[in-house]
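Heads up, the next two complexes both have subunit A, just with different partners, subunit B and then subunit C.
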Partner chain A sequence: MPGQIQDSAATRAARPRESPLALGVRRILRRPSSRVAFFVLAVIVLVGLLAPLVAPYNPSAQPDIVALKDLPPSLAHPFGTDPYSRDVLSRVIYGARLSLMIGVLATIVSLTVGVAYGAISGYAGGFLDAVMMRVLDAFLSIPRLLLLIGVLVAWPGLSIGALVVFLGLTGWFGLSRIVRGQVLALKHAEFVTAAQALGASRRRILWRHLLPNLVSPIVVAATLGVAHVIVLEAGLSYLGIGVPPPLASWGNIIQDGADQPATLWWMSLFPGLFMVLTVMTLNVLGEALRDTYERR
Partner chain B sequence: MIVAIVAAITFALIHIAPGDPFSAVMDNQNVNETVRQTLRAQYGLDRPLPEQFVRYVNSLAHGQLGWSFSHERPVLEVLGSALPNTLLLMGVALVGSFALGILIALIQVARRGSIIDYTLSAISLFFFSMPDFWLAILTLLAFAYWLPVFPVGGAVDPVMHESMGLGGRFLDRLWHLALPALTLMLLASAVVARYQRAALLDVLPADYIRTARLKGLTEREILRRHALRNALLPIISLVGLSFPALLTGAFFVEKIFAWPGMGYAVINAIGTRDYLLVVGGVIIGSIMVTLGSLLSDLLYAWADPRLRSH
Partner chain C sequence: MTAPLLSIRDLHTSFYTESGVARAVDGVSFDIGAGETLGIVGESGCGKSVTALSILRLIQPPGRIETGSVIEFGGKNLVTLDDADIRDIRGNRISMIFQEPMSALNPVFTVGDQVAEVARVHAGMGRRDAWERAVEMLELTGMPDAEARARQYPHQLSGGMRQRVLIAMALMMKPALVIADEPTTALDVTIQAQILDLLLDLQKKIGTSILMITHDLGVIAETASRVIVMYAGEVVEQAEVDELFAKPHHPYTEGLMHSMPHIGHDQERLNVIPGTVPAPTEWPSGCRFRERCPYSWDLCESEHPPLYEIGSGHVSRCHLAIEPERRNNPHPPLVVQAGVAAA
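Up next is the complex of A and B:
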């Protein structure tokens, strides 16, 4: 698509202040698949944000634990009810809110740690870099889910905040490798040498000169990272060690119906569908972003 | 180095756990303070942390992972007896997913840009985005409850297996393996297909492909003899890369299909709070992942003639 590239180069020249992020977003929205994904994701995010307005019932209300429990989908309860007579649709809607929030917050933790670690390692070089990379290798060799299970079983009854921190702290290894590679590659670029010659401090070079060049891989890692955290959180909640029970997260809802998967099929089907839809859209967008920045 | 850090992490895990490894004994009101002190001294829990760490690493090096109180057997024994089942499940899924994934990728690339290509891409993205445990629940629902063609769980028929002949036992095992292995295979082939499609498309602009085309080879011939062979190299590194995902996938699949492997043991240990068994699972899992990536590196060196000659 040479025409498109020229086109975007021209717009960039016309608006030199546009950030690489905005440029990337505008570029990926040219693809029909990304546009659909963006729209679907926006709807899910909106539903999550406006949960109190959208949900037909209170997600934790147990109106009648005898008469209204385990009801299959009907007009009054499109996604059925759970063993505590709670409305599953409302719980799925509130689940969207919680699962997305956990995904985003944990990813912010991962990005912060991953970028700092990778940038320091790549910029310092030498012995420190070697040690930091070996440590990273060790972390990478422990499957993330197993590590989280180990931590969460050791500390039973953790708050959601702590869960977010742990999900974030186990998700930065891959990103920091990428960041380190980029920093290594750019360390001796002319603009860095120029900044050094002008007497810029290391911190300033890292923040003002190297970091802006890392925006694209970071945005890609963030998008795919949120998707990954959502799946992990659901898995942990399904195992009963994620989000503490009375709250609704997609994994928790499935867990509530896990004893009788065949009779309470609506409890695993619907939250799972929402989860797959969210993860799929995030993956589509993340990959579209990656394609655009790799082609550049 | 990797081993040391993994040991340090798991040691930290054990020590952040509230109480000590026998909190069940310790919490019991009838056990008096002197007995507790003796027990602690006996197991070295009253020593300074660095010393405990050295002892811990030493015992790890001797293959001691501690005592599983829910199984009333050593952790190593519990996991060791479950390991063959996990390896069987993972092995079948690995081989199957690479075969299926590469086949899908070949079809897609042969018909690149067509409706078939897009549909298959969408399907593999769908499976790629699916949480392991959710797909496992769905296949269980679909093929064990609604269409009861496969058993609900376990590795063998609990009643009939012992009375079967050799062939019958084999078929019984196969019949129980089918659904969990298929689930894990579907999850993994989505990854393989996506990866392999990209690898094939990377190779296609190469000069030797153009040469082959000019030689008058058919597109199918080019794909099979020239493109696929070169695009298989990245797939070998995918074996190592996909190992952690395959392992955690196996954990969920085992849990849902009650497949008596490592994952089933470890996930059940979460419920019984059999902490040393959980940590043992983390350690064995990490060893498996490390071995997996080592294996894939060796395979790569063996398969790539450029590396072989050195």
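Up next is the complex of A and C:
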């Protein structure tokens, strides 16, 4: 009997270290719906990353603007061609690359600003916190799309880099509220006092002790944030103030066929389908992450 | 006694709440000698934990240590030290062991990382060296299979093991003073004795002083050489541990002793001290224990008792020191009388 107890203690001790985040990811993938979502998203991301290898044609090449334009889907052009005779499949593949990249980069901007703003506001507390939150309220009162349209119309011809920055700078308000709330709740936790009692500085406590505890809600917000940015970018590009042509983004491709949506149906169906799939899978994964995080 | 290691004079710590100013610690003075174990005992809300937190200046707003309070350590007043200097003392020269080891550990880091962090902050050690020190420290606290346990998260350890982790963190830098705030309250009885033995054993090896804060007179009897009894933000009695158990003077100390169960005594109900500690926003005038005391008389209402000298090193904040014969005539305490009248 004592041998048995020893054994179980030994196996428990031998279990490899697993961070709470890794544990969460494993728990999510146990759900069939998230497994499917994860797989679909992985394929889209991979296709985007490997665009030059996967795309059958050059996405900007206009081989024959008279004979090869507006072709419906066929074996040579599975997604058809556009009014400039470009291959829509290749453009959708390169569009995946651009749209995902914009989504991820803009979200990184949002995370950086939002986490820093929320963490400082929550940790500082008092007057600074009150001022920072009122400023946030002011930002939040302006609809994001309206704000973006205003900026982009005022500065026409912005580079993609600037577009990413603006998308990011308009997307951190909600996240910073979440982070502030969590920091506020955690800053009086006993392990914070314990860290203080061991001589950790305020900065060390905030970045090394508090923020790692917020990884789960931040990952949830980031996942949903990427989906939101992709939709916004497509909308802005469709309006002609997003990604500048002739670059292929999903919104741009739909815009190219916008004159004749009934006859050139393949020009809105395929990029739209990819966009919907991406956004849906991101949302499914985000919700699943949120569920496991909130259950704990 | 030679020059004390830590000397507290007239410590006042108050919390400025919306319902008034709570004087949680109201004029506390005592010394701790080098290598000594001093016990502070008292029920919840008497100010013992706030005293402990004040020493390390861990009082959060709306609480603050009032000016004029002196906590002298190593020739400096900790109350007026600047932030960088007090951080240098925390965890390094004076460290603290908390009551609830689960909540005192950060849930998202391995326990080894958390022990190692102390060495990284105070000794400027690199990641690898600090980790090795941490594992050594955990071995020293009797952690079974320390190397593997160090790689686990707090929730994967038992309560006793977690408390060993906190002890390893507290003793990492071989501090001059360890403040142990109810270090065994959250543990099983069998583990409690192990942890206390471990603390005393390590104290001998390192030569540190311990400030043992507890509500459990049993813990005091086992560990402390000198005892301070706190009530309502004040020191009410102080004595060597043997003297205190043999001749408790203050009625509150007496009450605490009587409320301990005794094996062998045929007793239907446990003795209790009637009533509760008054609210710290409005300490009663005169003696703060008056309403719960079976000996109180009019002097107790009109005059706040000073610390009377009872014997060598034995002081008590009770007017019985000047009228000892009143101890022979106990009466039902005021709170009990009020309760009867109300019913």
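The criterion applied here is as follows: the second predicted complex is superposed on the first by the 279 of 296 C-alpha atoms of A that agree within 3 Å, B and C clash if a C-alpha of one lies under 4 Å from a C-alpha of the other, contacts with A are read in each partner's own complex, and residues count from 1 in each chain.
In this section, contacts are C-beta pairs under 8 Å (C-beta built on N, C-alpha and C of every residue); 3 or more make two chains touch, one makes a residue touch a chain.
Remember, it's a predicted structure, so these values are computed and weren't measured experimentally.
Once the two complexes are laid over each other on the shared chain, residue contacts for A:Y238 go to subunit B alone; subunit C is not touched.
Contacts of A:V135 after superposition on the shared chain: subunit B is touched, whereas subunit C is not. Between subunit B and subunit C, B contacts the larger number of subunit A residues.
Once the two complexes are laid over each other on the shared chain, residue contacts for A:V215 go to subunit C alone; subunit B is not touched.
After overlaying the two complexes on the shared chain, residue contacts for A:W155 are found with subunit B alone; subunit C is out of touch. When the two structures are aligned on the shared chain, A:A227 is found in touch with subunit B, with no touch to subunit C. With both structures placed on the common chain, the touch criterion links A:I254 to subunit B but leaves subunit C unconnected.
On subunit A, the patch touched by subunit B and the patch touched by subunit C do not overlap at any residue. Interface of subunit A with subunit B (complex): residues 134-135, 137-139, 141-147, 149-151, 153-156, 227, 231, 234-235, 238-241, 254, 261-262, 265, 268-269, 272, 275-276, 279-280, 283-284. By the touch criterion given at the top, residues 53, 56, 58, 60, 87-92, 95-96, 98, 100, 103-110, 117-118, 121-122, 144-145, 148-149, 151-153, 156, 166, 169 of subunit C touch subunit A in their complex.
Against subunit C, in their complex, subunit A makes its touches with residues 9-10, 12-17, 19-20, 188-191, 193-201, 204, 208-209, 212-213, 215.
Note for the complex: subunit B touches subunit A at residues 1-2, 4-6, 9-10, 13-14, 16-18, 125-126, 128-134, 137-138, 140-141, 145-146, 244, 247-248, 251-252, 255, 266-267, 270-271, 273, 275, 278-279, 281-282, 285-286, 289-290, 293.
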